[in-house]
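Pasting the structures in now, so scroll down.
Both of the next two complexes hold chain A, though its partner changes from chain B to chain C.
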Partner chain A sequence: MTNERKFGTAEAVYLTTLVIASKAFYTSIRVMIKITGTAAWYMTIVSCLTSIIFFLLISLVMKRFPGKNLVEIFELVTGRFFGKILTLVFSAYFVYYAGSSLREFLEMIKAYNLPYTPPSLIIFAFMAVVVVLAYIGLEGMVRFASVIFYPVLIGIALILFLAYPYYNVRAIFPIGGYGIAETLKSGFFRSSAYDEVIILAFIINSIDGVKKFRKVGVLSLFISGIVFTSNCLCNIMAFDYTMSSENVSDLFQLARVIYFSRFFQRIESIFLFIWILASLITVGLAFYIAISSFCKAFKISNHRPLILQFAFLTFMVTLLPEGLIQLAKTNIVVLREYSMILVYGIPVLILFISVIFGKRGDSKCLKSVK
Partner chain B sequence: MSKKKGFMRTLFSYITYKEKKPKKQFYIPEIDNEDTKSEEQKNTTMKREGQKNRGLKKPVPVSESGKENKPVYEKADDEKISVNIEENIKYIKLKFNSPVNKDIVIRELMVAKKYKAFIAYIDGMVDRITINNFILRALMVNDVKFHEDTDDKCKLDFILSNILQTNQAKKVESSDDFMYEILSGNTLLYVDGCDFYITNETKGYDKRGVEKPLIEGVVIGPQEAFNENLRTNITLIRKLIKNNNLTTEFVKVGNVNKQLCAIVSIKGITNPAIVEEVKRRLKNIKSDMVLGDGILEQFIEDNPYSIVPTILSTERPDRTASHIMEGKVAIFTEGAPFAKIVPVTLPSLMHSPEDSYMRWPYGTLIRLIRFLAAFIATLLPGIYVAITSFHQEMIPTELLIAIAKSKENVPFPTLVEVVLMELSFELIREAGIRIPGIIGNTLGIIGALILGQAAVQANIVSPVLIIVVSVTGLGNFAIPNYSLALSARVSRFCFIILGALLGFYGISIGIAFYIILITNIKSFGVPFFAPIAPKTKESTDLFFRKPVWQQMYRPDYVNALKQKRQDKISRQWMKEEPKYSYERDEEDD
Partner chain C sequence: MFKVSKVIVLLITFVYILTGCTTDSKNIDDQAYAIMVGIDKGVDNKIRLTVQFPTYKGGGNGSSSGGGGGNSDEKEHGLVDGTVVVSIECATVLEGINLLNTSTSRHISLVHCKAMIFSEQLAQEGINFYLSDFARFRETRRIANIGVCRGKAEEYIMENKTLIGDNIFKSIELSFSQSKNSGLFPMMGFTNFYKSTISPYSQAYSIYMGINNFKNLQNSDKEKNPPLKTHENYYPGDVPKKGNLKQEMIGTAIFNGDKLVGTLNAEETRYFLMVVNEFRHGILTIEDKRHPGMAIPFDLRPGRKPDIKVSFDKSTPIIDVNLNIEADIVGIQSGMHYESTDRIKELSDLLKDTIEGGVSKTIKRVQKQMGTDIFGFGYYAASKFITINDLEKYNWLSHFIDAKINVSVRTNIRRTGLVAETVPVRYRNRTAK
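On to the complex of A and B.
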C-alpha cells in the first residue's frame, strides 16, 4: 500500500487514542449518563476493561499469524471467498462509521456553533480535508495525530479544570446508579465505544510486531478510559445526572459554563479547534481503513484512485439519517452499543476457528490459501 | 435489427471511453533550431516553404547570415588545442565574439624576445597590477633565464615553473576549462608551439566589503554578513570553524552562465549521503537560467509547491557555521550574499542565532515570543473576522459595545475592512522596500497618518481593526526567516477567507490542512516537522532552549556521523578544585 510505512509506538498510541477519545466531544457521555445514571463514570471503566480483554484475545489471533494483518488472517483462516467477505464487512462498517461520525459532528456543530451555515458546506469542507488525509496515507495521518494529540488532550483537561467551580461531589451519589446489574450489562455492551482499537489489527505491519501491537492497544484503551471516566465524573458533578443526560454534548456544555470574570466567559468556541481536529482524525482514519481494507482484499496496490468513490459513499451515509433524533436512535446506538458484536466478535470467532482447525501463520497455512 | 444494433452502439458510446479524434489546433511555428535539424533538412524545408509562399521573405538563420564574414578556422577546435598561435588567437576571438565584443583583451607579446605568445583576459574582471608586474614583466624581462634551458620543446612548462610570479597558475587543456578560467577573471597565457594553456590567478573585480547583516540583525553576537564574493564567504566560515575537515567542493551549475556553487560540510560529522544528494541535485540542473541562490533553491528543493520554504537561507556566517557544525550542508552561490542550509526543519527556521548567544532563560523567552508572533501573523486577522462574524458571544460585553460603537459608522462588513487594511499594509511594506531611501519619510506619513488616522476618521475602517492589523504586521516582522514570513503573509489571507466563510470551523479546517501539508513535506530527505512528527530523539533545542552545556547531541534527524557534540559534563572545571596561588585565610571571607 502507498505510504504504509512503519511508525513508532508513541505515534500509534496518539493515533488510536485520538480516534477512540474524540467521541467525548459528542453524545457519548450523555448516553452513558442516561443509561446508568450516576454510575456512568465507572461503567465506562467496565467497558474499557471489557475492551482490553477482547483486544488481548484479538492479539492472540495476531500472534498466531505473525507478520499478517487482519485481512490476510481472514483469508488464511476462512479461505479466500469468506475472507474477502469478512474484509468487505469491515470495510462497509468503517464507511458507516466514518459517515455516522461525520453526521454526528455535523449535528453538534450546527447545534452549537454554525446554526445558519448550510450543512453541505460544512460537510464539503470536512470531507476535503479527510480526502487529503486519505490521499497522503497512513504515515501522514500519524504525523497529523502526533501534532494534535497534546493540544487535544490539554484542551480537554483545560475544560475539565476550568469548570471546577461548578463541581459538586455530592452529585455522584447514589453511587450505584440504576443498579450494578444494569451498570455491568451496559458496561459490557458499551465496550463498542472503544472498539476502534481494531484499526490496529489492520495496520499491524506498520506497528512492527505483536508485542508493540499489544502495548499500543492497551495504552490507547487505558488513556481513552481515563478521558471518558474523567469526563463523565466531571459532568455528573457539574450538571447532576438528570441534566447531564439531556445535554447534546456534555463536554461542550461544560466549556460553555466556564466563567471566571466578565472577560473570561463563553470561551467554548476556542475549544472548537481541538474538537474539529480530533474529529478529522477519527473520520479520516476510519475512511482510510475502509479504503485500505478494500484494497487489501482485492490486492489493489494503490488506494488513491478509490478515494473519491469512497468519499461519495461516506457522503451518502452521512445523509442517511433524517435528523439528530434518528441519528442518535439508530446510527449512534449501532456504533456505540452493538458494533462490538461485529468488531470483536469476528476476530474472536476467527481465533476459535484457527484454534479448532489448528491454523497457524506458517508456510503450510499459506499454501492452503495459495 | 440493424437499427437496434445502431441504437445499442449509440447507448454504449455514452458510457464507454472513446479516444478523441485529433483536432488541428493553432500553433506558433518554431524558428529553425540548429540542434534539432540538420543543415540539409533545413534547406529542403525552407525550399518547400519558399515554393508555397513565394511572396514572403524567408527568414535567414543567424549562423548563415554571417557565413561570408566567418573567419576560416582550421585546426583549433573544442576538442583539440592547436599548436599554432594564430589559430589559437582566431579561436579565442571567435569564441568571445571579438571584435564585436570589446571585453576580451588579447595582448600579443614576445617572451624573452624570441617566443611568440599572447595573454587573454576579460577587461574589468582582472587585476591589472598583477598582470603588469607579475606576468608581463616576468615574461618579457627574464630573458636571461631562458638561455639556461634551450632544449625544451614547449616553453610553457618552463615558464610555469620558473618565470610566472602569480600565486595560482595551472595548465588547462580543454576549451571548456580555459574559457571558464577567462570568464572567472583569470588570465590565459599561450606560447607558440604548445598544445595547452596556462591560467593565472588574476581575479580583480570590484566587490562589496564585509558589512553588517541587513536582514538578520541581532543585538548580541557577531555583526558581519556574507557578501557577493564566493571566496570571501567561504573564508568567513573558515574563520569561525578552524578545522581541517571543513571541506569545500565546487560545482558549476547552469548551461549558459555556469554559476559556481560551493558545497561546504565537515568530513567526519556530516552524513556523506546529504553531500552526495546536494551534488547530485546541483549537477542535474539542466537550465540556462540559474542566476542566483533564490533560483537555485527552487531547482533543488524537495517540494516546489509547498507554501513553506524547505531550505534555510541565511546571510550570517555564524548561523551557517553552527548549522555546518550540526552536520548540515551549506551551499554558496557566486554572486549571492546568502548561504543555503540543508536539510532543515520548521522549528529550526524559527530559531535565531541570538537564542544561543544569550543565557537560556532569555533565549527561551524570545524564542517563545517568536512562536507567538508567527501564530499572530498567520491567524489573528482570520480569528478577528471569525469572532466578529460568528462567535460574538466570546467577546466580553463592554468590549463588544466598544467594537459595535466603533463600527457603527463603517459601511463595510468586517471581511471587506480586514482585506482592505491588510492589502494597504502589504502595499506599504512592498513600497517600503522599493522606495528610494531619500523619500523614505514620506512613506511613514502615508502609512501612519493616511491609512491609520485618516481611514478611521473617514469611517472606512474601525479603530480596533487598525490595532489588529498593526499587531499582525509586528508579528510578521518577528519571524526570523524571510521566506517563512512570506508564507505567513500568504496563508493569512487564506485564513481570513476561511474565517469569514465558516468562522472557527473554517480556521480549524485550514489549520488541519496546513498541518497535513507541512508534516508531509521533506527537506533533503528529512521530514519537515521533525522532531515532533515524526517523533525523533528528544531535542534540547526546540521550543524551550536548554543551556548550551546541556545540549549534548546534534539534531537526530540529520543522522550525523558523530552524534555526540560534547561530553555529558561539558563544564569539566566543575569537577575540579579551584587552584589558588595563595592560601586562604579565614578572615578572607
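On to the complex of A and C.
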C-alpha cells in the first residue's frame, strides 16, 4: 500500500472522529431516542464507554503484536487460511458499511433536498468522489479530514447552539427513559455506532506505535461521544422524545427551525455543506479500508487496480434495500446495533486465543514499542 | 489519441450529470411562493384550500400592483393587493396545491409560507389530517405560524393586505411579531404546535384571528358619559375600532389533541402568556381605586422566569405558580402623586391583586372548562416520574383537570416613566365676572 504513510496523532483523531460522528447527521439520533426515549443522551455515553473498553482490549492485541496491523495479526494467530477468511469478512463488512452509509445518505438527500433527481445519478456522483479519494489513498483522505474537521464540528455546534430558543430542559424528564435495563442493553449493543474505531487497527502502521494508537482511539471515541450526547440532549429538549422519534433526521429538523429574525433564518445550508463533507469521508474511508484489507490479505502491493471492482460491489450494496424503511429495518440495524459482535468480537477473540496459546509478536519489534 | 478519449469520456460524464441535475433544479423565478395557506371545511370535498401568493408585479416581492382588487375583473381573478388569493376544494392540502398548479404559470411552493390558518369549524373537528401532511412534506416551512380563524380562513386571507410598506411578506412577518409588543396573542410556529399535539406533557394552542368589520365602534353620543372599561375581553373582530387592516390577531385558540376546545380573550391571553413565559411586555390598565373612573396604565414585563412547582398528594397534582412581574407607570389620569414610597406600594398591591386574580381565573377557566394543559405543567410533573412508561401510564393530560393550582404573584413597580413626581393640574377657583 504505497500511500499508507505515517501521519500525526491529531490527523488520525480528525479522520476517525469524522467517520464515527457523521452518523449524527443521519437517522441514528432518531433511533436512539425511539429506543430509549429521554435516556438516549446517557445511553450513548454507555455505548461510548463500552466502546472504549473494547477498544482498550483491542489495543492489548495490538500491543502483543507490535508493528503488525490487524490483518497480519489474524494470520499470525489463526494461521494464513483462517486469517485470510477473517480479513475478507472485515473487507466485506466495510463494503457493506460503505454501501449502506451511501444509501442512507441517498435516502436522506432525496427526502430533504433532491426528491426528483434519479438515485443512480446521486450514487454515481458520490461514488465518483469516493473513488477519487480511494485513488489518492489514505494520506489524501487524512489531509482532507484535517481540512474539514473543524468546519464540520463548528457547523454541528452552531446548529445546536442557534436552536436554543426551542430548548425546554424539562423535556429530559422522566430521566429513566424506557427503563434502566433497556438503556443499559441498548447502550451496550449501540456501541456498534462507535465501532468504526476499528479502522485504526487496520492502519496502525501509519499511526506510529500502540501508545499513539490507543490515544487516537480513546480521543476519537470521546469526541464522538460528546457529539452524540449533545445531539440527543438538544433534540430531546427541542422536540420532546415523541417528535424526536418521528423525524428522519433530527439534526436537519433542528437546522430548519432556527429563527432569530427576518434576516436570520433558514440556515439549513450549513447542514448540507457539513453533512456532505462528513459523508464523503465516512464512505470514502470505509471503501478504502475494504480494498486495503483485501490487498493486505492477498499481499497485493497496489490497491488502485481494485478500486473499480470494489466500487461496483459498493454500488450493488447501495441498491440492495428497496427503500428507506427496509434500509432502516435491516442495514442500519445491522450496522448500528449488531456489528459490534463482529467488529469487536473477532479482535477480542483473537486476543483470548493469543493469550491462551501464548502467541506474541516478534521480540525485536517489541523492543521498539515504548 | 489517449487524451482525446479522456476528454470524450469526461464530456459524456458531465453531460450525464448536468442533465440529471435539471430534475431538481428550480429557478427562483419559476416559483410562486405561497404567503398564507387557509383551510376551511369543504362543501363538495373534504376541505376548501385557500392559497395566497404574490403576483410579482410592481417590485417583484409581492408589492402592490395597482389596487386591492378594486374592479370586478380583478376580483374575479382573486387579485388582492399585489397578490393572488385562490381557493379550491380538494381532499388534501397537497393535492389542492397540485391542482392549483394547473392554472398557475409558476409552481406554487410552500417554502416561504408565513402562516397556516384553519377555520374554527374545521379546528373543532380536528386538524391532524392536515398537520400530518405538512409535517411530512419537504417544502413546509417549519417555522410558519399556526392560527385558528373565527369565521372562514378564506375570508381572512382575502383581507391579508399591507397598508404600511410595499412588501407583504415583511408585513406579515412583522404582524406576527407584534405578539411580543402587545402580549395579547401568542406566537405559535408549526413545529411547536405539531409537537404539542403529540406530547404527553402539554397540549396545543395557537393564535386566534378574525376579521373586524369596523361595526363595533359606536356612533358618538354626547349625552352619555362613557364608563371606564379596563378589561380587554376582546376576541378577534370585537375590538371597537375603525380603519387600518380588517384582520385581527387577538386571543388564543386552545386545543385538546388536534381539536379546538375553547378560546381565550385578549386579557386572558396576556395572563396565560405570563405563565408560559412568553409574555415580553404589554400595557395593562387598572382603575384608580382612589379616583374611580380614572385609569392608571402600566407597562408590564416579566421580572423573572415563572417559578412553577408540581407535587402530588396521592395521585392528585398540586401546582404552585409563582410569578414575578415588573412594571413601569406610564400614566396617572387622576394626577395624584402616587410616586411616594407608600403609595407605590399601594399601587403595587393593586397591580398584584389584579394580575393574581387574572392569572387564577384564566388557569381555572382553562382547567375546568376546557380541561387542557396548555401551560405545560406536565413538563414539571414529569420530573416526579422515573420512566416514560410511568408517566404515560399516569396520563398527566387526563389528571390535569383534577389538579389543585395555587397562584402567587409578586409585583414590583420599578420606574415611573419620564415623570418623577406628578404635579396636579391647577384650576382657577373664581369665575370671571
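Methods note: the second predicted complex is superposed on the first by the 362 of 370 C-alpha atoms of A that agree within 3 Å, B and C clash if a C-alpha of one lies under 4 Å from a C-alpha of the other, contacts with A are read in each partner's own complex, and residues count from 1 in each chain.
What we mean here is this: contacts are C-beta pairs under 8 Å (C-beta built on N, C-alpha and C of every residue); 3 or more make two chains touch, one makes a residue touch a chain.
From a predicted model like this one, the values you see are computed outputs, not experimental measurements.
In the superposed pair of complexes, A:Met43 makes contact with neither chain B nor chain C. When the shared chain is aligned, chain B and chain C each come close enough to touch A:Gln265. Contacts of A:Leu121 after superposition on the shared chain: both chain B and chain C are touched. By the touch criterion stated above, A:Gly8 is placed in contact with chain B alone, chain C being left untouched. In the superposition on chain A, A:Gly177 makes contact with chain C only, not with chain B.
Once chain A of one complex is fitted onto chain A of the other, the partner contacts of A:Phe273 are limited to chain B, with no touch recorded for chain C. When the two complexes are overlaid on their common chain A, residue A:Val19 makes contact with neither chain B nor chain C.
Contacts of A:Gly140 after superposition on the shared chain: chain B is touched, whereas chain C is not. Legend: residue contacts after superposition of the two complexes on their common chain; A:Asn113 is shown touching both chain B and chain C. Taken together, the two complexes place residues 113-114, 117, 121, 125, 128, 262, 265 of chain A in contact with chain B and also with chain C.
Contacts from chain A toward chain B in the complex involve residues 7-8, 10-11, 109, 113-114, 117, 121-122, 125-126, 128-129, 132-133, 136, 139-140, 142-144, 146-148, 262-263, 265-267, 269-270, 272-273, 276-277, 280. On the chain A side of its complex with chain C, the touching residues are 37-38, 111-118, 121, 124-125, 128, 166, 168, 170-171, 173-179, 239-243, 246, 253, 256-257, 259, 262, 265. Of all the residues in chain B, the ones that touch chain A in their complex are 387, 390-391, 393-394, 396-399, 501-509, 511-513, 515-516, 519-520, 527, 529, 532-535.
Of all the residues in chain C, the ones that touch chain A in their complex are 13, 16-17, 20-21, 23-24, 135, 138, 142-143, 170, 173-174, 189, 191-192, 194-195, 198-201, 376, 379-380, 382-383, 385-391.
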